[in-house]
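Common to both upcoming complexes is subunit A, partnered first by subunit B, then by subunit C.
Moving on to the complex of A and B:
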């Protein structure tokens, strides 16, 4: 009898140990809680995107928690600030994965920062959904545990320049880009279309990151006679360029890229910002989907955070929805392996703010559908162009 | 000619902003022998306070100007009393490191107190465009050039004729002898920090009027520092002129040599000038007697 009991005890202990080991292999889960980590720039100029993206994550998490959490477990969101400094991004990811024991990751900061932490994430094997800065390196070659929601910068620029070229045949073109990886991507996309359509480029400028006065650059643009202008700045740069063009009394057709497509920019550009074309893969806030998103956020966010919402909140929300839904499909005992498998099975997940999101076997990039928008100064909004 | 004139006027306008901030650097260096690496951040904070006054108290230009000046004085005095005075007598390297730390704190405070979005400072003045023939210039740009010239004259008179100005020069020349003459070095230092904060703050407010406010505004300090090196780190008036020279050079280089040369030109000029006059165009040569 004693021998029988001892064997049974050993079997029970073995079962307990194996369960514990399984849980230990996949950290960030208790009976009541599941931890999702994130690292974003929350200070400095890029906080404009980092804060907004984290707000998007918070909206999706608050929405899931309000509905009871993930199969009964509340989601705990751990957010670290990297100040847009790559060394701090690496530090932040290590802290979130090693100290906070996150079960999954969202984010992560800018393109350079995401690229820098890729080996770390890959080695850890933690399920990760990236939403802030989609660049090809993040999904080519595909990494087992890393998924990217969005569209590539290069495709975005190609779409915009193609649209503007079709609308303005035979016109002279001007372009200015930033002297960093972002600028290079914008220029590459532009050059692709220039080559294919044999566009007549009469001005091509390159400014140093941080430049705030564009008087000589815009004067050169004016002198070149450019009629269509791709403003490759981000936020403050585009505002300064538009104001200079107004001062110089010229109004070319202007295209801007999505990192600069935030509504407060239009107020600062003034009437000079009216009629600017932009490309994006999320819905504008002026549309029904955008308004519905803001309404949803109102019920889930403290009022102080509402003013931090911009397009990056939408991309953040969509990524968090996809991740939460994948963990949810894993049932009562989600694991990394199951979450990754479920992320891979993501098919036409509706978020209401961009086209349905899908991944697939070996496909780690959602390749969102792009749309062209145009600014309207009177309503300080962007509206889709049909 | 029209192209040249447009470049020149824009260069003068941005150069005047660099000049004001550069004068802020020089006032502190002249009085305390310290390079304040938080100058750009102090400029930015004053501009943000001006914006807060304009959006919460009154958009009247006089109210905003007086409020911003008062805020700049308080900011300068607080930094001197709380951060810099305890460092008196410590090695210069340690004190400079403190200003670098202060810069990081002030930079981060923008997101904590305000936000990361750009904002426009609207006081019903400065944004309208004046056109002289084909040349356009904003009223804020004209105002900053005039302000710099007025301040240059006022500061020259202050250092030459006022008791406090002479006391500041005495402390700068030899603080121990000045102390023996009954001049309080700490009081002079406090005054220097307040004056520097106000002068640079004026530059920041004009920048916000002509361009916009954003957490990237601290970078103005990085542009103004070469201006003060060019003019002479111990030459307050020279730093103002250095700002104008950097602004004009940048713009002419950008306009005639291409965008990429804009940033390089100012620094190239500094290298050439420093090779000929290592103490800056208007700086005084250090004489060590043995």
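Moving on to the complex of A and C:
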């Protein structure tokens, strides 16, 4: 009798164990589907970035699904709008992970928003590849499950200012930055080069986020006699600044940063936007790689979404590609642990639109190679500068 | 069954709750809220946290705008000051979280003296614009005082541990928010039935008459400002902890408008209204999305990818509808239903 009871208990324990192991399987994965989640600003002015990034993710996912999915499983993309509101980003991540049961995350919104959801992502342990706003806080210290594709804002500015300083020795400099985290990073990068190269800065301004009228700022810039100008705006601000400079009839050498390096901006700037220098780590659309990317997108996206493509679509595409290939390498039964291990093993993954992407043990930042490009109003494009 | 509402003593007039069933239902509600973290998933729990934090903030604004009739468009200034006070004390100077919460109340209260004093001669729109200016000034001060606030870079905030009990999990943090919400509710209800509360209402209804009756307008207006800012600052600290990262960007001006919308929809001058308004405004987009998702997956997708635009539209629509059809807000509607229930089948 005791023997029977012991056997029955063992069987029962085994059954419980197998059930609990099945229940403990990572979420977001079934025999036919893998769910990838994302939270982006899809409404309001920052939608220009968020929509484009999500389009990049969609291209990579559509490409993988067209090729049969990840080891036979189709990828389902779940996208949430946060409107660039931090509290909503947190809720969006919670919805995507808890309600939609995502297996992995892409994105995520702006720099402040990504920083805010970091504890949440870290606690959840979900494999995440960030591509929209690469700021140091996201990879320093490295977090086990969070990987960042891109280049730091600070490095980008240092690269651009160094380039402009070499090209324009002995000239007077002007700078204007936004009064937020982004602006502080731009200023820090600028100050690093100013100190190292002893640049002559004659104008240094700061504007309030959302400012539309730059007439007095640009008048001060003119009066200072600045010959090289670093416009630290994002989209609308840079357009307004260029228009003011055109009105004031001055044309300093202008440098802008990648958040503002989107082609529709050139159209809005008009001829005033011709010859602007920009720094970026993705290929310009005017080049062969950019054209090939657009061709690929045409076959995978509806016509309406093609209009939303900009540089952020490229960063989104690259991040999604890295994530998908890591899950793929895990074989038939991917888990979070395996995906994270495979992401860590990412070595020289080619995306065709930026330098090969690599991570490593304790390295969660891909540290992309930068390049300088210049705008051309006649073709409304940016072209690489050698 | 009660057939009317008869008050025979002054004690009955100022009693917090005059009916045992109200106590019973309140206890059931609190029990339900205590049980909620065990049954809700993390997404649903995030709504509960937001509701509880918003309840604290709107109850704070209700003292100034609802009870005293002083319109403030700049309450987000007190919210962000409270969040920064907590973040600086706890994250930067490693002080005890309780000291952080005290600072989160005291610093905005002191700031309210600065904005409150010049506002004593102002009313209506003029006061609203003054408070609005305050919220912009406070943002600039925070951004410029980099040595203290890290400027635009912001400050990371950990979930607190108080007397060995960690509030790190969502469930534990919900209890902390619940504790603050219940205490604030009791505090504001008690303020309302106190001498100060009656003075506030007298000032709101007719400040000249209140002055003739011997109410010191300056002192009570300042007291309303200080109390309101103290409570709003506490909400700011909780909101900062919820966001885990305090920066000026996380506290947009829209929060001030949202808080006023909550008071209007809930019913100005009523603590119950502030609670009901908060629940409605916070849950409205999600509830609408749920209802529409039952009919069409496409509409659900629109709510997912255009959530913020739809949210703004819904807020606008609800405010317009309430102002047109139920100016006394949700609390007014609740009183009508209660009266109908008691008097039915008679109308009065």
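General remarks:
Rule of thumb we're sticking to: the second predicted complex is superposed on the first by the 362 of 386 C-alpha atoms of A that agree within 3 Å, B and C clash if a C-alpha of one lies under 4 Å from a C-alpha of the other, contacts with A are read in each partner's own complex, and residues count from 1 in each chain.
Just so we're on the same page, a residue touches a chain if its C-beta (ideal position, glycine included) is under 8 Å from a C-beta of that chain, and two chains touch if they have at least 3 such contacts.
On a predicted model such as this, the values are computed, not experimentally measured, just so you know.
Overlap between subunit B and subunit C is detected when the two structures are superposed via subunit A. Put subunit B and subunit C next to each other and count what each touches on subunit A; the higher total goes to B. When the two complexes are overlaid on their common chain A, residue A:180 makes contact with subunit C while staying clear of subunit B.
Of the two partner chains placed by superposition, A:250 touches none, neither subunit B nor subunit C.
By the touch criterion defined above, A:380 lies against neither subunit B nor subunit C after alignment on the C-alpha atoms of chain A. Residue contacts after overlaying the shared chain place A:289 against neither subunit B nor subunit C.
Contacts of A:240 after superposition: subunit B is touched, whereas subunit C is not reached. In the superposition on chain A, A:44 makes contact with both subunit B and subunit C.
Touch criterion met: A:265 reaches subunit B, while subunit C stays clear of it.
By the touch criterion stated above, A:87 is placed in contact with subunit C alone, subunit B being left untouched. Once the two structures sit on top of each other via chain A, subunit B runs into subunit C at 311-319, and not at any other stretch of 293-301, 311-319 or 329-337.
In the three-chain superposition model, subunit A touches both subunit B and subunit C at residues 42-44, 83, 179.
Those residues of subunit B lying in contact with subunit A across their complex are 3, 6-7, 10-11, 13-14, 107-108, 110-112, 115-120, 127, 129, 131, 134, 136-138, 207, 211-212, 214-217, 219-220, 222, 250-255, 258-260, 262-263. Of all residues in subunit C, only 41-43, 46-47, 50, 143, 151-154, 156, 239, 242-245, 247-250, 252, 304-309, 311 touch subunit A in the complex they form.
Listing the residues of subunit A that touch subunit C in their complex gives 41-44, 79-83, 85-88, 90-91, 94-95, 97-99, 112, 115-116, 118-120, 179-184, 209. By the touch rule above, subunit A contacts subunit B in their complex via residues 42-48, 50-51, 83, 176, 179, 205-208, 210-213, 215-217, 219-220, 223, 235-236, 239-240, 243, 246-249, 262, 264-265, 267-268, 270, 307-308.
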